[in-house]
Amino acid sequence: MPGILIYSDNITLTKQLITAGLLLKEKMNQPVYVILTGEQDLTGIANTAADEVFVLKGSNPWPESYADAIANFASTEQISAGLFGGTPRGKDIAAKVAAKLGAGLVTEAQSVEFDDGCLLTTRLLYGGLAVATEEVKLPALATIAPKTFEEAGSSDKQTEVITIEAANELNQITIGETCPVVREGVELSAANRIVSVGRGVGKKEDLSMIGELAQAFDAEIGCTRGIAEDYHWLPVERYIGISGQKVKPDMYFGVGVSGQVQHLAGMRESKVIVAIDMNENAPIFEAADYGIVGDLYEVVPLLIEALKS
Amino acid sequence: MSFQLNEIQELIQQNTRDFAKEYIEPIAGQTDKENSFPQKVVEQLAGNDYFGLFLPEEFGGSEAGYLSFVLAVEEMAKVSAGVAAILINQSALAGYALNKWGTPDQKKSYLSSLITGEKLGAFALAEPGAAPGAGPNKLTAVKDGGDYILNGRKSYVANGGQADFYLVFGVTDEEDPSRRMSSFIIETQTPGFSVTRTIGKMGQRACPWAELSFENVRVTAGQLLGNEGEGSIIAQEAKAVANVAEGALVIGVAQAGMEEAANYAKQRIQFGQPIANFPAIRNMLAEMSTNIHLARLAVYDAANMIEQGKNIFTEAAMIKLFVSRIGQNSLIDAVQVHGGYGFSEDMVVSRYYRDVKGSLLIDGSADLPESFIAADLLD
Amino acid sequence: MPRILVCYKWVLDEQDIKIVSLGLSLDVSRAKYKISDYDKNAIEEAVRIVEKNGGSVEAISFGTSLKQSFKDVLSRGVDKVYAIDSSIAENADAYVTANVLAAAIRKIGPYDLILCADGSSDVYNQQIGSRLSALLGLPGITSVSQINCEGDRISATRKLGDCTEVVHIKGQAVISVLPEINSVRIPTMKQVLAAAKKPSEEIKIDALGLSDAELLPKVTKVSVKGFVMNRKNIVFKDANQKDNVSKLVASLAKEGLLKERG
């Protein structure tokens, strides 16, 4: 029966998507179906306001191997809308499901509404330069980035969980080793304060000065794509931007960051944005709440001193 | 006829822009400040086939034509005039001369290694006491059996001190003014050859100048480039061809200076508005833009003529006269737009100003081309 | 020796797109086309695989004004380029684009490896590789930061936020690569000149046997507007940096952003 499908390989994100699904339900008057795969943790899912919870169970633990099964479920139930968690796995699965259904898919939708028989979505274009409002014919799919919606709270009802057998063996693919990415420090997207390094910083050795500044703020260190991918001064997990980490801390503090639109798109939802740069005309100042124009080698030590006292 | 570039020329331009941004820009300020030679960039120039861009495929070149070469020089000069000057001296002076007058053996050993970047070449014409690149030559090359013995000094030699071989111009016949000079290929390890000093420069500092000394330097006739007495012809033609590339260098610097000035004018607020709104600033920028555009057409036209094997002595002199003048004027204005800041080393226009200044001085005073152009018209 | 196909997109350079302050519309009149940045990494990766293992690299695109892109693509080590040049591309969504590319690949394939970028630098939909794999019935692997080919086996290392994962594939595959997989080499002058002599082939969209429905986008744009920053823009630019710093610290204190004491 037509409904709104929710799936993410990340269960926290699933709960956020349930919130989005329930908002859609208000206008669409269709039930919200939550899909879990394999051994995903059910805790806190069945007692949300979602209408039905399905667990697809197959022999292959690889989340991506469920793309066919999810597509089959979606076409059997004739779902009208599908919301997928915007993780790397989720985006892959969503696109494969969309291809199998012959459906439209909006990537990293920032808002999703039901309007005039279509889904109306917004998303960024051109590296964050523009916002597109798009109309998607049903069945319509969208991926949604983490933290776009709050997690759904629990309700007093306890939804029945239905398990469906899924054939998800893959002959040509085997999964080898999986390694956690070693991070120096906490996850950037969870940091409350971030000091970010750009090309205005002249040498790798100068990162110690930036480290001191970060410490004075109790902040994590992030950087621009150039610092991570061209100079390899910091691991790629630390670069902020449209194709890197998307952060929204209480404070973003750019040091020698010029503020290319691709970088801005990754940090402009920060609560307060501060910048130090030599170039008065750098676009970062347009995106900043506070800024100092000046030589960072002069300003940063003064700032560290001021913060310490 | 139009100077609409073809797809390949546009791609050469685009890729050179990327190349300059990736490899030259990071060291452009530093080489200027430290007077250091950008050895790594020279290797990258060779690796990406710039030295042989217009030279024959037979010796490892690309035969892309002189206009393509000029486009590459222009793009590099936007980032570093010094690096562009290294390229001009290597390819348009040493490379051009070797290709036109070298024997098959000379081309095989010198032109090939010049194109691969294995060897750096230089053109040693000027002597101490004369203006750079001009004046009477005193270095003598006296025949001794099958050999020549060179004695004297050369100065203001670009790529000097870094080059592996020099095209040296010496007097072989005191009597006949038109056949007075001959050109020799001198390798640096030849006994009696020495680099006596490097000469500090105001601009284009990535491309060093050196003074050379020759004391009883003995070379075989196999080192003679062209025929005996052909030195003046070689010098005149190679320098005319290189002048066209130098015009492109000036245009590149002027364009970069103009863009800096325009950006600055849009951002700098005075009396509550960007200075770009003021007629005085707008007029300066409009004149720069017009001059640069017209100068560029003259350079591309001459480059095109070189590709067609035409004589370009007059055009090269016109470029020398006009392009260097508008280059200098553009940078005076570009600095002026920046106001007091333009005088500070923080602003890249101050480097551009020094870089472009040399183009009027190098190779003789500015009235030299005028006399040439007038003679062509009147005599 | 793998036969590789790279999908690329010919996009407007976002650096040249200006936002018109009135109505926040986009002015693209000065924007030039370029190979989508991340597609250059995909091309580079294909070329590196062939440099190591032998084989061939072909490229394909669906778009408009594609002829302008051929020499740029071919100068990057690609042996042959295919183009489906059609005005349908102007409004195509990922659904239509994948339908067109899959139909064309069925015509000119098979390929041992089809490479895409993880997303394009204009719309960054991140769908084409996954959709192609589904439509062609091939394994599809995304977010790949390293590829190793050995015979008919491919190992791909994926970067998935908090972990890396190695995927082994036997036989053909569609792989979407991350920009960090390599750094793109600037074509040499010889490569640029050689590009003029390499082949290109245009494939007519009518010859692909696609129905009207398959060419009708599911996602259509209602509006596109420039993103507006709404910030305080308080910039301290006194000559005395000490003053600037103390003003900044005072502002940050007011925002409650200084480190808690204790």
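Chains here go by letter, A, B and C, matching the order in which they are written, and residues are numbered from 1 within each.
Operating definition for what follows: a residue touches a chain if its C-beta (ideal position, glycine included) is under 8 Å from a C-beta of that chain, and two chains touch if they have at least 3 such contacts.
For clarity, every value in this text was computed on a predicted model and none was experimentally measured.
Colleague: Please categorise the chain-chain contact pattern as a line, ring, star, complete graph or other.
Modeller: complete
Colleague: Could you name the chain whose CA centroid falls nearest to the centroid of all protein CA atoms?
Modeller: Checking distances from each chain centre to the full centroid gives C.
Colleague: Counting C-beta pairs in contact, which chain pair has more, B-C or A-B?
Modeller: Answer by contact count: B-C.
Colleague: Using mean CA coordinates as chain centres, what's the subunit A-subunit C distance in Å?
Modeller: Result: the chain centres lie 19 Å from each other.
Colleague: Round to the nearest whole Å and give the separation of the Cα centres of subunit B and subunit C.
Modeller: Those two chain centres are 40 Å apart.
Colleague: Indicate the whole-number Å distance between the mean C-alpha point of subunit A and the mean C-alpha point of subunit B.
Modeller: About 53 Å separates the centre of subunit A from that of subunit B.
Colleague: So which bits of subunit B are touching at least two other chains?
Modeller: Expected reply: no residues.
Colleague: Which residues of subunit A are in contact with two or more other chains?
Modeller: In subunit A, the residues touching two or more other chains are 280.
Colleague: Residue numbers of subunit B touching subunit C in their complex, please.
Modeller: Interface residues on subunit B, with respect to subunit C: 7-8, 11-12, 14-15, 18-19, 22, 47-50, 53, 62-64, 68, 72.
Colleague: Which subunit A residues qualify as touching subunit C in the complex?
Modeller: Residues 67, 87-89, 91-96, 98-100, 102-108, 120, 124-137, 140, 170-181, 187, 193, 216-218, 228-230, 236, 242-243, 250-251, 261, 264, 268, 272-274, 280, 285-295, 298-299, 302-303, 306-307.
Colleague: Taking the touch rule as given, give the residues of subunit A at its contact with subunit B in the complex, in rising order.
Modeller: It comes out as residues 278, 280-281.
Colleague: If we count contacts the way the header does, which residues on subunit C are in touch with subunit B in the complex?
Modeller: Within the complex, subunit C contacts subunit B at residues 68, 71-72, 75, 186-190, 192-193, 195-196.
Colleague: Considering the complex alone, what residue numbers of subunit C touch subunit A?
Modeller: For this pair, the touching residues of subunit C are 12, 14, 17, 19, 26, 38, 93-95, 98, 118-119, 121-127, 129-135, 139-143, 155, 158-171, 173, 178-180, 183, 217-227, 229, 231-237, 241-242, 244-246, 248-249, 251-252, 255, 257-260.
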